[in-house]
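So, here come the structures, one by one.
There are two complexes below, and they share chain A, which is joined by chain B in the first and by chain C in the second.
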Partner chain A sequence: MSLSAKPLALHLGLIAVLFAAQFMLPSYHATNVSRIMVLSVFAMGYNIAFGYTGLLSLGHALFFAAGMYGMGLPIWTLGWAPVPALIAGLVAGGALAGLVGLLALRTAGVSFMIVTLMFAQAGYLTLLYLNTHTGGDEGFVVDSAARMIAGFDLSTDTPRYMAALILFAIAMLICLWLVRSPFGRVMVAMRENEERSRMLGYNPFRVKLTALVISGLYAGMAGAAYGMLFGYVGATFATIQYSILPMLYVLLGGAGTVIGPFLGALLMFYLIDIASGYTTAYLFVVGAALVVLVLFAPKGILGTIRERGLKWLP
Partner chain B sequence: MMLKVEGLSAGYGNITILRDLSFQAQAGEVTCIMGRNGAGKSTLMKAIMGLVPASAGTITLNGKAVQSLPAHKVPMEGIAYVPQGRRLFGPLTVAENIEVGLLARKKGAKTRDFVLDLFPRLRERLDQVSSTLSGGEQQMLAIARALCLEPQVLLLDEPTEGLQPSMIQLIRDTVLSLRKTGMATVLVEQRVDAVLKMSDRVCFMAHGRVEAEVATGDLGPQSSLFRQFVGV
Partner chain C sequence: MAFGPFLFLALLEGTVMAAVLALTAIGLSLVFGVMRVVNVAHGEFFMLGAVTAWFVTHYLPFPPAIGWLAALLIAPLVVGAIAWLADVFVLKRLKYDPEATIVATIGLLYILQQTALTFYGPDARPVEPPFNLRLQFPWFGYSGYKLFVVLAAGLILLGVWAFMTRTKAGLVMRATQVDMETARAFGINVDRVYAGTFALGAALAAAAAVLIVPIQQAHYLMGHDPLLLSFIVVIIGGLGSLRGTLVAALIIGLSDGVISMFFSPTLAKIIATLLVALVLVFRPQGLFGAKT
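After this line comes the complex of A and B, so read on.
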């Protein structure tokens, strides 16, 4: 198998495994994996900004929530059909990322982190302040009648799993194509050495803004899909926790790897799920796991595997 | 005429490094910049590329002013820069580093073949991750990537620093072959033997100025200018 065929085979293999898993997993775990696949799309978007372009953002919850509310509000208030609502969520995430990027990308490093965090906090507080329109802290439920697409009821297990899988597969294959495209190389070049990239004629602001908008589109789509598949839209998803989660998924799975965000989301989700069954202090367990990760695999699981052998891993 | 710098002053914040500096680099010539540490050689390179803002003076390429352009537009005008320390995109392969260079000015297979013919060793290592190359190979790749822009002027900041003799010879041969293509090369170099073999003209810098500009043919290994401005 040629070097370029291996990554495609690996990613298609993962999609096949996830497809087969729905027939074997009990309902509880199938729902979990559906949730993990949607959160992985969010993390893939974060990975495009952070893992490939070097933009360490603390504001991605804003883009996730923008997608969620961009999908939910038109349904809740205007009675939109699900497909246009999902598209509205996608656009909302990308547009907000573009707006935030226009301002935040005038800074770099720690300043960029703080500015994006401030935007996300402002977004969260705006959702609470406009509670008559957004449902405030309680949020709102997406009516199950509005969760029917082409005759499939997305509130039931199998259609929900399949919808999550289709979204995940499309997002992952686009991500694979993107990072292997010329623009993907330029993103990595920008991450590795911005000044050198500029000396080759690249405009760092434009490259980083494009990457952030793509990242926002992923986050927005994930937010819209999460609201649609699990039937709830709430301000909780705009809190800082939802900016940190995709970062942890990416760091655990391997920043700058296409499958890393999924692996990180899968492990982190089940680590929290299992640990919370034993103790209310489950975040200590998560913290310990992260300490172990930093000590023994600072590049994340797949980053370490790539470093130690699988050089072709994208 | 190719690159012309006139009355250039530039520095970092309130600290002025270059003071009323003037020099020219002609097409098909290698112009060496020599001077002690702190003379402003690397700052001059950065100022030409727009990385250090000019507070006075002009920098023109074929008569077109470039000193007020944003830094990322200077390479598009035809000036390429290989900084000290090479600075490759480490995780990318040799082929990918070259691809990034080609994409910037939308150059294609012809340019790629030109740079790989210039450095056959890189052709053998296209799939190798660039951070694993030897120092000399990394320097070759840094120069190759800059040449992907098909520049009219190539700025090289101490390209032979820290390299083994065989690699130094290879870099020298490359500079000389580029001269034949009509490219203007500005080379920061500290080795007297290299300067005498490669350059057509030497600019001696001190205190942020070009204090003396001499045709290389008028210099010998024992020239007092080397002692005065470089200390060798």
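After this line comes the complex of A and C, so read on.
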């Protein structure tokens, strides 16, 4: 399946717009967009499991936190350099997803949701329990010396934005390639009709496990990058809220679309940002958005657009 | 204190917890059993029960005992009504699709929790117990109210059992659980059974909260732990099985009491959550799989 011109132009265009945006946005919004780009990588990973393969997980915070701590702990305790630490985070996310998948994928549907939820909760509690090693719920600050890559200080605005953009671009292009590859088609087949794909000779367990590990790698990379770029590692990122946010981004933007996670993250981030200016109860927005989406727009924004005409949207 | 009395205290605390947990979890179990809906907002119904109890005891000019009794009546009614509305306006429209309802009840969780934050505020507030009685054991004194909680929870559970097995409404609910299509064919208003079941499940959580609130204070985030523990209990006991839920509540409540006392509450929760995950993975048929 080769990439046709229109989708490629759309995605490269988005990257170009984001590149240009850093010169126009004021500092506050530039930092927000860097956050959004990293969170969209997380959501893209979630989308690979949920949107394409049909695995509705409630435990992705575990993989995000695995990446974050996998990056942060070696720096904090062993004084690792940033690049190996980031790779450690990436690997930690994927490995944990594989481990959870080996057990959780023996179940499906509602059981799968609860099993992933429970594993994530156990992971979060373990972070609190081992507070002498992990900093507990206070977390820890990533040493600023360990936030320098190739002479660029990632704690300053422009390098941080560029690092987030590079990560986002790579993640999106890989995602685009993945979902249009033969394996991506098999993932969708699992979502649509597992029995039929089994009959065609595919091994559903293996396909779903691979998809979950890829999803975990995305989440782990996003977690590691988030900790590195914003300099803080903490147990809050392992709470259930961080499993629900990527789900919300994906549902809002459109499950099973490549740009959907970014669009959802962008809109939801600013919706929460604006709401928190008016009330402390800003998470109300999250709840209301979930209910409204699931009731009235289960396909999300891009899913609906795709249905109404733009059939080529990947 | 020697090991023996210490263990006794742990078991007492565990029993109180088990009683409240059983009441909360029965609500969750009932909803799953009859409607096949996993209600993630169940903990928030618990929280709303406690918050309503605070409002009732704070604003009605009664002495503590009567105020508390009023709360025990009013809170389940109010919370039940909210749940009824949630069923009619959200769950029913989703046609009770399992995954969609989970997402919707997560949304409901935030909506209820944040509404409580708006109108009730971020503070934890105490509710005065209906009576103060201290039981003096040879080694330590213990709150008589806590033992009353166990008794009251037991009575309410007995009431639920009688309702399910001895009344027409209970029969209709059980019929709907066994076969919704046939129940409808026999002229049962399934929509109303569903709404009623959802309201009853929420009301039971609210009642449990009113029992516990003189011990534990009302707070807008208090729904988290009861939700998690109810999930654990309901899954280990077998979703939809009321007897299994009771047994599991006793096991989890007591072991939580003991492990929390001798090791740490966090460790107790880690063990319980992992246990649930493993039960679901290795005994899925026996627990979720009661196909109707």
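Rule of thumb we're sticking to: the second predicted complex is superposed on the first by the 299 of 314 C-alpha atoms of A that agree within 3 Å, B and C clash if a C-alpha of one lies under 4 Å from a C-alpha of the other, contacts with A are read in each partner's own complex, and residues count from 1 in each chain.
Everything below uses one rule, namely that contacts are C-beta pairs under 8 Å (C-beta built on N, C-alpha and C of every residue); 3 or more make two chains touch, one makes a residue touch a chain.
Small disclaimer: the values here were computed from a predicted structure and weren't measured.
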Touched partner set for A:193, first chain B, second chain C, both or neither: first
Partner chain(s) touched by A:310 [first = chain B, second = chain C, both, neither]: neither
Contacts of A:78 with chain B and chain C, given as first, second, both or neither: neither
Which of chain B and chain C A:203 touches, first, second, both or neither: first
Touched chain A residues, chain B compared with chain C: C
First, second, both or neither for A:145, with chain B first and chain C second: neither
Which of chain B and chain C A:115 touches, first, second, both or neither: second
Contacts of A:16 with chain B and chain C, given as first, second, both or neither: neither
Chain A residues within the chain C interface of the complex: 56, 58, 103-104, 106-107, 109-111, 113-115, 118-119, 121-122, 125-126, 128-129, 244, 247, 251, 279-284, 286-291, 293-295, 298
For the chain C and chain A complex, residues of the former touching the latter: 38, 90, 93-94, 98-100, 102-104, 106-115, 117-118, 122, 228, 231-232, 235, 264, 266-267, 269-270, 273-274, 276-278, 280-282, 284, 288
Sites on chain B touched by chain A in the complex: 49, 51, 70-73, 75-76, 80-81, 83, 87-92, 96, 99-101, 103-105, 127, 129, 145-146, 148-149
Interfacial residue positions of chain A with respect to chain B in the complex: 3, 182, 185-186, 188-189, 192-193, 195-204, 256, 311
